[in-house]
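Scroll down for the structure; my scribbles are underneath it.
Chain naming follows the written order as A, B and C, and within any one chain the residues start at number 1.
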């Protein structure tokens, strides 16, 4: 590679990094600044760390610190849905990739269809289902529908398809291992990268999901962080002064801080998944 | 390798169990109805007041839920409850009173008429015309918590510096605006975007853009002189940029404020506390309020409306109906309670008390209460709650707003606004008369 | 809320033909259903049943069967034409830019994987992680020339205020740029992952050949990941034609500026929420589903995804 093309490459990647990074840099700096400074100061100015503490104190002044309750709720909803989704997706993806059985093609096709169905169609049916079994308003009304994750099934399916040779399974069969045993001790150990990806994308989906909790939950104490924050920021007019009027000291810096709190788990998840993915791929490469 | 597989399985089981434990708070979703609790849905600002009521009535079982002020939240929940025949809240606070038109409609059948539940003497205590938004076909379906009458906000320092008088008539207003734009380039005397423009100018002029005759009938007629006179008023001012199409919630408005470009701004009562200082960054001691200018042939200065909230009682409250109505009555009319509320109370006696503090507010250059009180008592009739509120705003931006921006003929765009309004009304199952 | 993961159909239909399967086996069938059964159950309960019910509601009005009444009402809605036009324009701008961004960044990153590639991917992913009301705040300030780090760029575009940015012709550009910023990162991760999983011997052979980085990319890597590209295309088409988050987020930041029914999916949402009209919501959603499936089918047959795979497997 010539020095010129190397330079062009670095320039391109860095230019993109500036484009993608600036918004978050702004958001990162915003809680250190005052609301006045945000509108009238330099775009990427820095205020003081003390302001961040104040902003957090203001956020917790909403409904006696309900924000911490929502964080807890979101963790429970997301963790339970992700774990359940993994339990459903990984075995299903494995079977769909490695076994021929009646209904296999149908399952694959129907998964695609349900994957791109717009959520507006699902409000009523899902609500009625949950209501029929008395689950509306409970954590299950959010966790159960979210753990149905066809995209995850496809990720697992693609992974096993590409990285699990039939010969490996046949060898196990010759040794007299049962089919379930094969899944547990041959397929699963090779599934690390798929699990990392499904867990990450599944987590992103559950953590940022707005629509399902909006429909299913009607008590602010059971809200997810997303739903709660929408409630908090709009009723205090934090994003724009006309959306709500409150005597609470919640303005743009508080809104930015809330946004950072809400996206931090996703970034941590990203870094973790990347690690898991890299080691998994290396392990796979060595085996292959 | 084996360890992480076993560990994840254990984690799954643990989580499932913790999920079970977490259901405790959730069962309430099936509403207080099952338990005989009075289920009250209010936004965050109204939550402390509801809790105060609960404390004062220890014999009542009340469950208070803070709801998001999101447009569509209450209608969604109510239509789902309608399907399952349970889960209705007994009392609801609407941050957008236009939703009353949806919730009272036959399709939703949620809002209970309050005429029999709240004595006429109490209803008469509200600012005249303020309950019009709650009234359909002669029946009152909600009580207003706060109202947002428009006044003419102005900057006393700039007025003095430029040697202008606060205009009494719209003709004066136009003259002053054009003069200011010429003598002090960049100066504005009004904002005409979205609900601010439509509510402030067209609403106060009495232009029938959303005059609800009943739950199914709305009167829209933009050929009226009450509409064309507004177009004529704004036309030259839009051309000379004396009125801006920038929305007051745009961060750019702060720049206008900081650069001393906001000479006058006809707008709702809440602009005083929530916009001039916090959003436009105008220092204290400069802003004052005057009544809206008057139209030729009229001596009274009428106010438009931009905002406010309302309380509804559920038609499904059953034997809790009386309790629900009592709570709503107290929340909207208690003077001590309302005096502490952030926005202008709809109940006249409460507004008086609210104004006592406002009159002494050092932010204002002069006591804004005389102008605000006059405005609250002079709400222009014919500005009803409609089910197409969002389209009402969007269509205004799309037609009049756009024309003002490009300097096109405003009178002519009224016809296309009329078309869009009619289409919106029909889609929302109104007949247009 | 739709995130980049919400609507992702997948390319992997090909498999059925990939290889002759091992003979069916009785004992095996039990095991198969033990493993896939739970998912199949969830698919039925949370996927098919609601979809079926939605189809039913779309055909019912006021409790009785009404045939195409809801469908006709939706097609007749004066907002639909404008919304469809908005979405089409949006797709025409957003989709090519997104694909180009994703492909060029993923390939450039992969041309010389180094220590910073992980960090760069994280940076590219950042805008997608900010959601909800905080995103509304963020993007409102990003399009406000006086307080945005992109201010000079906006002023070049003759945008003086956020109101300018969110009205007229610039709105669609703003939405498209925002859409690219939000969605590109996730796809870069997926594509980069696919690239790193490529067999090393093929790439090494190319390097020995002395092929230029450009040639390696164009003639070797791209064909190898073409199913993934098709996958990105199908998914992005579906999520773009169902665009919802971007206009909603911007109108939360600047209320009243953007029509609440700017996109088709927003219109469906208004039916389901504000209007409480589930029949119309279902009809419009199913129409969008049909468009997404049609596009998926075209992409699959045009790119010969099936053929590629069976040749690869064979």
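Everything that follows uses one rule, which is that contacts are C-beta pairs under 8 Å (C-beta built on N, C-alpha and C of every residue); 3 or more make two chains touch, one makes a residue touch a chain.
According to UniProt, the chain labels map to these proteins: A = Carbohydrate ABC transporter permease; B = Extracellular solute-binding protein; C = Sugar ABC transporter permease.
None of these values were measured; they are calculated from a predicted model.
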item	value
Busiest interface, counted in C-beta pairs	A-C
Farthest chain (mean CA position) relative to chain A	B
Chain A and chain B, separation of their C-alpha mean positions in angstrom	36
Chain centre separation in whole Å, for chain C relative to chain A (CA means)	15
Multi-chain contact residues (two or more partners), chain C	140-141, 144, 146-147, 254-255, 272-273, 278
Where chain B touches two or more other chains, by residue	73, 76, 249, 251, 255
Multi-partner residues of chain A (at least 2 other chains)	38-40, 87, 123-124, 128, 230, 232, 234, 240, 242-243
Chain A-facing residues of chain B, complex	1, 5, 8, 11-12, 15-16, 18-19, 22-23, 25-31, 43-45, 47, 65-70, 73, 76-77, 80, 83-84, 87, 95, 248-249, 251, 254-255, 258, 270, 273-275, 278-279, 281, 307, 342-343
List of chain C residues in touch with chain A within their complex	1-3, 5-10, 12-13, 15-16, 18-19, 21-22, 24, 27-29, 31-36, 38-40, 42-43, 45-51, 53-54, 57, 101, 104-105, 108-109, 111-112, 118, 120-127, 129-142, 144, 146-151, 181, 184-186, 193, 196-197, 200, 213, 238, 242, 252-255, 265, 268-269, 271-273, 278, 281-282, 284-286, 288-289, 292-293, 296
Chain B-facing residues of chain C, complex	77-79, 140-141, 144-147, 160-164, 167-168, 254-261, 270, 272-276, 278
Touching residues on chain B, where the partner in the complex is chain C	71-73, 75-76, 78-79, 82, 102, 107-108, 193-195, 245-247, 249-252, 255, 387, 390-391, 393-394, 397-398, 401-402, 405, 420, 423-424, 427-428
Contact footprint of chain C on chain A as seen in their complex	1, 5-6, 9, 12-13, 16-17, 19-27, 30, 38-41, 43-44, 87-89, 91-92, 94-97, 99-101, 103-105, 107-126, 128-129, 144-145, 147-148, 150-151, 153-154, 157-158, 161-163, 166, 170, 178-180, 183, 193, 197, 201-202, 204-205, 208-211, 226, 229-230, 232-234, 238-240, 242-243, 252, 255-256, 258-260, 262-263, 266-267, 270-271, 274, 277-278, 281, 284-285
